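Below is one structure, written out as structure tokens; comments come after it.
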Amino acid sequence: MEEGGGVTKKFLYVNRKAPYGSIYALESLEVVLIGAAFEQDVSLAFIDDGVYQLKKNQSTDGIGMKNFSPTYNALGDYDINKIYVDKDSLEQRGLSLDDLMNLTYEDENDNYAEKPSISLVNSEELAALMEQQDVVLSF
Amino acid sequence: MEEGGGVTKKFLYVNRKAPYGSIYALESLEVVLIGAAFEQDVSLAFIDDGVYQLKKNQSTDGIGMKNFSPTYNALGDYDINKIYVDKDSLEQRGLSLDDLMNLTYEDENDNYAEKPSISLVNSEELAALMEQQDVVLSF
Amino acid sequence: MKLGIMVSEGPYQHQASDSAYNFTKAALEKGHEIFRVFFYHDGVNNATRLTVPPQDDRNIVNRWSELAKQYDLDLVVCIAAAQRRGLLDENEAKRNGKDANNIAEGFRISGLGQLIEAGIQSERLVVFGD
Amino acid sequence: MKLGIMVSEGPYQHQASDSAYNFTKAALEKGHEIFRVFFYHDGVNNATRLTVPPQDDRNIVNRWSELAKQYDLDLVVCIAAAQRRGLLDENEAKRNGKDANNIAEGFRISGLGQLIEAGIQSERLVVFGD
Amino acid sequence: MTLHIVNKSPFETNSLETCLRLARSGHCVLLFEDGVYGASKGTRFEALLTEAMQNCKIHVLLPDFEARGMKADNLIAGIETVDYLGFVDLVTASERVQSWL
Amino acid sequence: MTLHIVNKSPFETNSLETCLRLARSGHCVLLFEDGVYGASKGTRFEALLTEAMQNCKIHVLLPDFEARGMKADNLIAGIETVDYLGFVDLVTASERVQSWL
């Protein structure tokens, strides 16, 4: 395991772009996966068109691009389970939690019970979350 | 003089991006200048943030980029004098014709009188103009 | 029908190149003629032979090169845009004192006039960008 | 103060690289330390030595190389992003069977872990992109 | 007839709005890439699209719509789907193509 | 205190609006690159900025503002100008920097 010299910081990945139209969503996910080895305190926020990254049933056969959405399911295995979705953004797009992939993790402090990784947050909650961070990486 | 095999088509260059934040404005202008040698029927439209390309008093010393706005003044010498600015876009931005560079051309059919190249157009006029084109190049 | 294509963004970062490729391929399959594909702005980066995309992803550059070979396509890279961004063929490298070039098979570097010509000669011109 | 910089767009197409450069230079002039400049996404294209910008324009790549030399800056290009986009150094070219490389002086290619490390080691991280 | 092609999400940029302001009666609009989000039911842009359909024909590129996790039954009623071959047909059936980047 | 940096024109994308929705009282906002258009007087975003200034301090990067043909007297009252050195000071004075791309 790599590490960062014993320091633990709060990292927030802010995702505001839709998938496929540009590569930011995919390459953001690549940072998150690599970053998992550093054992930092990681949160992901999905805001604006970023919420579309978590839409279920993505199927890219027709456009010849790789469907990377299954990778979000692996985040729980990397101990990345704080995934915050902006409720306003979701509602503006006519979506609800049911339209998103069901991302979960196994809680090792609770007998490995399977728990949801996604939390819907309102503006105030999201703003408060952002204010707790040490490092904000925007994509 | 280069030419296009005797064919004359109506070319519309559509500019919707602000200058400096991205290169589209500058590289669009480069196409227009090269294209002038082909003696086509050329019009330029400035819509949305594209109207900012024509803002006067641009001064780029502080950002270390080349100020290419004086080049718009040369368009008249290339017989490019049909420059259409979307009135709605201008007004939304709190701007008027006075805020734009004073682009002119010499009318060879009127004793080389100096005439304004910019026309303010409303949505209906702009839509009608677009519908007359053979080729629309978007930047 | 004779069609012209302009591609304004580089590979992978934006979908523009993918869309242009899928459109071009579909047009060719339907029997249309592609007069030219013109790569402008960051679009010139589609023409580098130095990409090494992941094994499980599409190879955007090779795909263009292969389509060009199969259909004898004219893939033109704008010289001015290419110089700014570091895309060179052997001649351009020599002319500018550079020790390497990076253009891929099937692409050629030429002037902006080739875009205007595509507008004149094609019955429809379609722009793919960001 | 120790600062980290991330650059997400290539040279010329977007202002991100210009802004990052002007910011980095100002920070250095004020006596701050730049822990690392990390080039990600199309930002990797800032590291090509093959650009030939017009004489009357800035040379974005050289500017970074010179700043790196003057201040002993660590300019890191993400390997995964670079492979997709055709930015290689000599080792990478060899490893991937490519006949040329295009990296400019003062840049080095490394992994995404270098970005995380920049986040950990820097007191502030600033992202420049589109 | 003009074919307008829109590749931007209406939530992110103003391209679709300007396109619809300047499209004339009888024109066609194709939503593709991130532009397809404008075609989905229940968003705050549904009213804008529904109104536009009184004058224009709206199409969506199905491969892009499906890539983004949506199916034909997520479409606003009246929007037609095309694949890339259909995209080509729209282009050849029009007099000019205007791209709203 | 968070420094929010916004490089997009509010006319083109929704970045400034989302930024202002999520910025908290006492935060700083820096408008730069095409984001500087949000700082100019008389646009349809002036009211949004004026309201935001009740809680946040708004700055504009003057070199970017001047590049785009505007001067300090085109600024909405209350917006402060900085140069790149001032940008650096804003960064070091904040606890974190959030970029709204």
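Per-chain numbering from 1; labels A, B, C, D, E and F assigned in written order.
Throughout what follows, a contact is a pair of C-beta atoms (placed from the backbone, for glycine too) under 8 Å apart; a residue touches a chain by one contact, two chains touch by 3 or more.
Remember, predicted model here, so these are calculated numbers, not experimental data.
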Touching chain A and chain D alike: which chains? C, F
Considering B-E alongside B-F, which chain pair is linked by more C-beta pairs in contact? B-F
Given that chain C and chain D share one sequence, their CA atoms superpose after a rotation (degrees, nearest 5) of 180
Measuring between Cα centroids, which chain is at the maximum distance from chain D? E
Would you kindly say which chain has the C-alpha centre located farthest from the C-alpha centre of chain C? F
Distance between chain D and chain E based on Cα centroids, please, to the nearest Å. 38
Whole-angstrom distance, CA centroid of chain A to CA centroid of chain B, is 43
Would you give the residues of chain A that are in contact with at least 2 other chains, written as numbers and ranges? 17, 20-24, 48, 63, 65, 134-136, 138-139
Note the residues in chain C that touch 2 or more other chains, in rising order. 8, 12-13, 15, 22, 41, 57, 80, 125, 127, 129-130
Where chain E touches two or more other chains simultaneously, the residues are 7, 11-12, 14, 33-34, 63, 83, 96-97, 99, 101
According to the definition already given, which pairs of chains are in contact? A-C, A-D, A-E, A-F, B-C, B-D, B-E, B-F, C-D, C-E, D-F, E-F
In the complex, go through chain D and note every residue touching chain F. 1, 3, 8, 15-16, 19, 22-23, 25-27, 29-30, 32, 123-130
Residues on chain B engaged by chain F in the complex (per definition of touch): 17-22, 48-49, 52, 55-63, 65, 67, 69, 92-95, 99
Residues of chain E defined as touching chain A within the complex: 7-9, 11-12, 33-34, 37, 40-44, 46, 62-64, 66-71, 83
Quick check: in the complex, which residue numbers of chain B touch chain C? 2, 4-5, 7, 9, 11, 23-24, 27, 30-31, 34-35, 37-38, 40, 134-139
Considering only the defined contacts, which chain D positions touch chain B in the complex? 12-15, 18, 21-22, 56-58, 130
